[in-house]
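Here's the structure we're looking at; comments come further down.
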Amino acid sequence: MGLMTRGDYIESLRSMKKRVFIMGQEIENLVDHPLVRPSLNACAMTYELAQKPEYADLMLASSNLTGQTVNRFTHLHQSTADLVAKVKMLRLLGQKTGCCFQRCVGMDTLNAVDSVTYEMDKALGTKYHAAFRRYLQHVQEHDLVVDGAMTDPKGDRRLSPSRQADPDLFVHVVEKRSDGIVVRGAKLHQTGALNSHEIFVMPTRALSEEDQDYAVAFAVPADAQGILMIYGRQPSDTRKLEGGQVDVGNREFGGHEAVIILNDVFVPSERVFMAGEYAFSGLLVERFAGYHRQSYGGCKVGVGDVLVGTAQSLARYQGTDKTSHIRDKIVEMVHLNETMYACGIACSEEGKPTTSGTYLIDLLMANVCKLNVTRFPYEIARLAQDIAGGLLVTLPSEKDLVNPEVGPYLEKYLRSVGRYTTEERCRMLRLMENLTLGPGAAGYLTESMHGAGSPQAQKIMLARLADLEEKMRLARKLAGIKE
Amino acid sequence: MGLMTRGDYIESLRSMKKRVFIMGQEIENLVDHPLVRPSLNACAMTYELAQKPEYADLMLASSNLTGQTVNRFTHLHQSTADLVAKVKMLRLLGQKTGCCFQRCVGMDTLNAVDSVTYEMDKALGTKYHAAFRRYLQHVQEHDLVVDGAMTDPKGDRRLSPSRQADPDLFVHVVEKRSDGIVVRGAKLHQTGALNSHEIFVMPTRALSEEDQDYAVAFAVPADAQGILMIYGRQPSDTRKLEGGQVDVGNREFGGHEAVIILNDVFVPSERVFMAGEYAFSGLLVERFAGYHRQSYGGCKVGVGDVLVGTAQSLARYQGTDKTSHIRDKIVEMVHLNETMYACGIACSEEGKPTTSGTYLIDLLMANVCKLNVTRFPYEIARLAQDIAGGLLVTLPSEKDLVNPEVGPYLEKYLRSVGRYTTEERCRMLRLMENLTLGPGAAGYLTESMHGAGSPQAQKIMLARLADLEEKMRLARKLAGIKE
Amino acid sequence: MGLMTRGDYIESLRSMKKRVFIMGQEIENLVDHPLVRPSLNACAMTYELAQKPEYADLMLASSNLTGQTVNRFTHLHQSTADLVAKVKMLRLLGQKTGCCFQRCVGMDTLNAVDSVTYEMDKALGTKYHAAFRRYLQHVQEHDLVVDGAMTDPKGDRRLSPSRQADPDLFVHVVEKRSDGIVVRGAKLHQTGALNSHEIFVMPTRALSEEDQDYAVAFAVPADAQGILMIYGRQPSDTRKLEGGQVDVGNREFGGHEAVIILNDVFVPSERVFMAGEYAFSGLLVERFAGYHRQSYGGCKVGVGDVLVGTAQSLARYQGTDKTSHIRDKIVEMVHLNETMYACGIACSEEGKPTTSGTYLIDLLMANVCKLNVTRFPYEIARLAQDIAGGLLVTLPSEKDLVNPEVGPYLEKYLRSVGRYTTEERCRMLRLMENLTLGPGAAGYLTESMHGAGSPQAQKIMLARLADLEEKMRLARKLAGIKE
Amino acid sequence: MGLMTRGDYIESLRSMKKRVFIMGQEIENLVDHPLVRPSLNACAMTYELAQKPEYADLMLASSNLTGQTVNRFTHLHQSTADLVAKVKMLRLLGQKTGCCFQRCVGMDTLNAVDSVTYEMDKALGTKYHAAFRRYLQHVQEHDLVVDGAMTDPKGDRRLSPSRQADPDLFVHVVEKRSDGIVVRGAKLHQTGALNSHEIFVMPTRALSEEDQDYAVAFAVPADAQGILMIYGRQPSDTRKLEGGQVDVGNREFGGHEAVIILNDVFVPSERVFMAGEYAFSGLLVERFAGYHRQSYGGCKVGVGDVLVGTAQSLARYQGTDKTSHIRDKIVEMVHLNETMYACGIACSEEGKPTTSGTYLIDLLMANVCKLNVTRFPYEIARLAQDIAGGLLVTLPSEKDLVNPEVGPYLEKYLRSVGRYTTEERCRMLRLMENLTLGPGAAGYLTESMHGAGSPQAQKIMLARLADLEEKMRLARKLAGIKE
């Protein structure tokens, strides 16, 4: 027990019996599947870097539960310094993987559930907090990957859970037993589900009394009876099956999402952390979303660093890196990227302790952070494509590069500034393609839009948190309007 | 002879002997290759619609050479009405194919070469114009697809053609014979090359005397001796090989680009339209680029219409199409799309005849048009993704949808507003994925950025055409500054 | 009778007896008032240029009523060429005045009322159209300035006219007499009211039956009994009273708006063009707004030309006009400016005849035009300020420039590139200040936002006109969804 | 000695003998001059709030020189907490004044000079640091306002100081005496100069050896022999002279800038902190600019709060504050405003000690902060104007509101939602006019653009600080390119 190595982690997954379908087929050996391996590699990086002394400050923390050293991904934030370290850790991992490394959803879930169960117990006399902390100790001791599962299918967006044509369109309790509950439903967009040890389910929205069966939070092993996972496709996903080195773009890493089906899954009582307390559902969503909106101020910035690096590399290969309009675009990319980072840092530094002692980011600024993340990566990607030139989408296959007849022509004609090889240029083009139009774009763009809530969700929070009444008072004072 | 049907067109391609490599292999039956067929279908639409009476106004024109009815894609614009009809035709085709249909590069080449050869002959006493018009008559009579080939590999962007380490990085004349010339080099990003009858080569930049061998324009059959084509990859291209109906997104259509290698190709004199007249190289580039920048105010707008349609459809399926923020985003997409169209129309209406009688668009506004096209499709795509939700990049494969075990779960859980089927929703998601992250995005986004010249090329033209001296005079007058 | 000269026009105003209040005082000699004169000069430019042969194509037209040559501002558009000429005329006037020249509101009113009265008569059997055309003939023959008066005070925006606490918050008929009607209410933001011969009142929104008294359109002389005008302030307006030459920025020209009070004004029957026909109120608003949204694609572009000219001048004075980032900003200003112009041209060229024969712009594109005008001038102004440097808002008074003690210091220290004088630089700075932060900014920025309807009004029109059903059909076709 | 009250401060200014010219006249009683008083009021707020216990944390600090409590504006930052407190103090003051309160330039100067003199002494063996700290102790003990004077006139921007036609276009040493130096030149855009006790001059750019006479930093009393100040005009400045309550917009506060002429001013040695050490000139500029770019993440955000408050107030008065598009715009304003704040906080929290012990912000993020400030206030202002409606620039004078004949009409017709008075609405409109088109806009917009360096200066810093080589390494690693 204790911190796992990359190898331990992979073996721990190998020993699980998850039921997973990929492109119409059930997969036996998940760990070595070429569509899954890159995402496993990315998640494994959270273990790998934790073993390196130079990253210990960022990757490790001292558990407030046990005093043991734990991976920060299983840690409850105890200070604003912890919150800042989280953002920096995520940026580092984004830089090292160039993709979504999947483990922050669980970290954000654990931190959110901690304070909400505490407050719920205080208000309602329930006993969830202690159970949760026991569960968390287990997670810390075994250094587990937890999949935080929030987003329900939602059906007709205008209808609340209990009013949907199909009652299962939101996860709900279908049976209460003396020793636990039985749940049914599904969770969409489950980042890293295949690489997780645990599935931690939360409700997806604020609920009212009529929806109380939907107010349910719990954790189950990812291979629990009744769980099915269905792999989500990404752009250009099957390039990973082609066996090449170049066209895949990001050679080792990738992300994934899956649909999780919860088909009457039994959850023992000690793993249930909300069951019916609908009034706390909205708070849990808000807290989780807050933490996760902070996360994006780290991880996407790290991927942004990589994208800036691809653009600058391609400019250099082509001899344009000193051209003024190219420099200006690179600077703009950096500027937008660092603006997101600043928001991630600021919401962390302005964090405050909750009543359970766990630190919460400043929610207003965390929402500001995420709202920028729904915009800037798209512009960064656009600028990157501007710098790259059209070859980004017209480059022949790597198989052409090695074909004896046409390979030499490509070698000759795709050569640019002398000291860089054609292959190097092609690899860099493919990496940018991956990040802006390929599987990386699923994470860097679309997930930046919708992960942790679509932009409108952030706007609603901003409207609530902005204290417009106070701003109006300031204006009236200066305008000389008597109260 | 005369207008070809879709069937005629396909057969005409089948009879050609192009040498084409796709993913490392030389292809025998190009026409039926699943990676090529969708792009052929798109190009074929230019023949198909030309047969429909309801589109005759847009698709057909009366040749100023022969008085015969010709496909507008082979026509020399004789009026501003012709220029406007061109834009409307391109929008229509974008709507019908949702992709690049490839034939406008040739149309724009023919129109540009017409007036430039006329002016060159006048200035230099050459005899290119009459030869060109004979060639054009051949193109019109056989209703050919012409690939306009401009972009050279360029090597180190800081160096002119003759100063590159490898003299072949720009196409040039390597031998002059009594009956013609021999050329060597390559052209990148050749849109629709595999579906073309003819390759029409032009220089890619203004040239000075030392680069006069690079000042060369000519036409050759696409299967001429010495020509090799290498197919360019696009995001998610191999979905076309999966044999499905859904994941491919755009079920029937697509675009493609190829690298064309010109390996000592002989061009007979009657097909040579510039050979050494370097002083007219820049003018030809400017004219071609001008026409092609106009084109984008039509074709991309048509694709934009489709993308708006996917977004509105997905909103409706999810029950959000009446939500105010969704409506606002749809309106913004429309607004941006129509702004590009307005630019396309305006540069056409403000067109003027050249000395050869062929009409030229207003160059300033054509450049304004294209510069908007390098920006707005990206924002339209971003808004579309906002509306679609995360399922855009997490949707399982269509093979999962029909898998007996997980298919029913997906059917159940991906259902949204009752009267729309899950399959319909999935198809629409895949179409949007195609357009914003898949092969369609290569055309709708990256090609919008770089086709007809990267944004900086437009800015350079705007700086030249803006008449800043006149604007300063206006300002001085109002400020009361004496001249 | 016939076309007036600038002198005739001024004398014609002098002979009127308008009741006007400016800054708390009733003004006798309006024409020579220094706060009003610049706006009169701007409006007079519509007469002055009409006398110049070089502008005859743009400024004059042949009346479809009489065959006489009339000022285009009083003309009913008879073709798309007329619509285009209108836009070009407005750009020209914007260039010559650097401000709002006020006369287009009337032109747009006349054109809108023409077709609406025609259609109303057809539908309801009323007799307004003939009366209107008689009135118009009078306007044409006397070459009058007509103030188109649309915007009511509106009170609580959530309430319709008849439900307001005060029934007068929208102009309405308070008495019907055998020979005419009596009206009461007010119109806000009346551009050029003080320089007008006529006030032409229209309703400000679509109305339902309960609001039928508010469905009223009519024309009265601007000095009719019961009319009061109250001058609206603009930023830095009183610099016009300082008697200087420099700080005023735009030395000769300016715009103005006024509140018009209609205090039980009698309107004879022959000047009433709608009185109770509420069902046509919305159409009239839409038509007028459409024409006026087109107008902005001309006039604001002309002012934009001036602003580009000030920025380029200041850059040149400072020696930065060749600096790459400055050039890039100038090009961006031009690009945005020409994009608006393209929209103005395009909506004109795509115009169609109404049933009365008068041409109407393409409404979708006219709304696109105006929506861009609510955005781009602000960005153009921001870029201009970027180029100008901080001196724009820190420059001392022109009185300091001539003060014997400090004047020489300013002369010395505000000198930049040798061949330009300090005074020239100061004048140019003041002109830019006028346009971006002074009275010119009221017209160039805020009026661009709200004139012809605030942005949301354009968005509502775009939502109505976009034909989303058709776009969804296109998408379904490509996605392979059966109807 | 010690902290001054507001009253003390005003008296301290009254006792000075500054030579100041305003609009062509030398002013005797500066303190009571209506054009100056509002800016004095704003600066005085830095004293007033320092007396209030509720703001002690933000406004006061414990001097690291003496241990005494000092106003934070004279404090050397001793921790990141100090840097954060600075940003929060500036936001507070922006909220309370709605304008530039002028005192931060001095604070930023003192902090920059502290570490630079320390490092300069270390490197060159000079003795400036101790002298500077003695001077600072004087400033702290007397609670002085220091004007940080950086920007020289610059003349032809392409030429270095010593190559200008006039050698005085940058401040330079014209004579070295045993007891001090004599300097000549001018400084432009001197924020708050009239309200300052001290003028602290620094060079404006990096310098090379030939410009060593321009490498000069020193402090002199603001009324030292040879100093002349010339007041800069602002939009609508003279409304302050009209004696009203409404049209002035911001009733009590304002900012100002002045030109300072240094006409052979003698500076005693103990007040000279750089004289010839050209190699440290760039560093001083960079440090000062860094601190000042941080400042803008506080002060402009505070003004932004006021502007949001005016927009929300006007929406409420008009009954539109619940309308979805209005809410959306308010949220966008808040979002942009808080993004700037996040940058201000982040660059503070990521601050580090310099070798002198004084804390320096993270320079990369401070530049990111300022670059956002050159953009977002303009968009916030645009959105505010969108919400306000056109009355913002068409509202009659307050003298009309009280005129017996037209006042009642305005009262009647400008009334909107019942419970708010017309006067209240007018006051709020005038406040927004002040902030977006009036004297407040000089500070909120143009100064946001150019203060602490124009945008290009930030971009140059970002290019230097971005570590593109590291980003390229990250990309190469992921692309599988061997080093």
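When the chains are written out, they are named A, B, C and D in that same order, and each has its own residue count from 1.
Here is the rule we go by: a residue touches a chain if its C-beta (ideal position, glycine included) is under 8 Å from a C-beta of that chain, and two chains touch if they have at least 3 such contacts.
Keep in mind it's a predicted model, so treat the numbers as computed, not measured.
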**Fill in**
Quick note, more Cb pairs in contact for B-D or B-C? It is B-C
**Asked** Greatest Cα-centroid separation from chain A: which chain?
**Response** C
**Request:** Would you kindly state whether over half or under half of the residue numbers at the chain C/chain D interface are used by both copies, giving same or different?
**Result:** same
**Request:** Starting from the mean Cα coordinates of chain B and chain C, work out the distance between those two points in Å.
**Result:** 40
**Intercentroid distance (Cα basis), chain D paired with chain C, Å** = 38
**Asked** Per the centroid of Cα atoms for each chain, what is the distance between chain B and chain D, given in Å?
**Response** 51
**Prompt:** On chain C, where are the residues touching two or more other chains?
**Reply:** 325, 328, 459
**Request:** Mind listing the chain C positions that touch chain D in their complex?
**Result:** 21-26, 151, 153-159, 165-166, 168-169, 185-186, 188-189, 228, 230-239, 242, 247, 257-259, 261, 263, 318-320, 323, 325, 374-375, 378-379, 381-382, 385-386, 389-397, 399-400, 402-403, 405-406, 409-410, 412-418, 433, 437-438, 441-442, 445-447, 449-451, 454-456, 459
**Fill in**
The answer for chain C against chain A in the complex is residues 324-325, 328
**Message:** Going by the contact rule set out above, which residues of chain D touch chain A in the complex?
**Reply:** 84, 95-98, 245-246, 249-253, 305-310, 312-313, 316, 327-328, 330-331, 334-335, 338-339, 341-343, 345-347, 349-350, 364-365, 368-369, 371-372, 424, 427-428, 430-431, 459, 462-463, 466, 468, 470-481
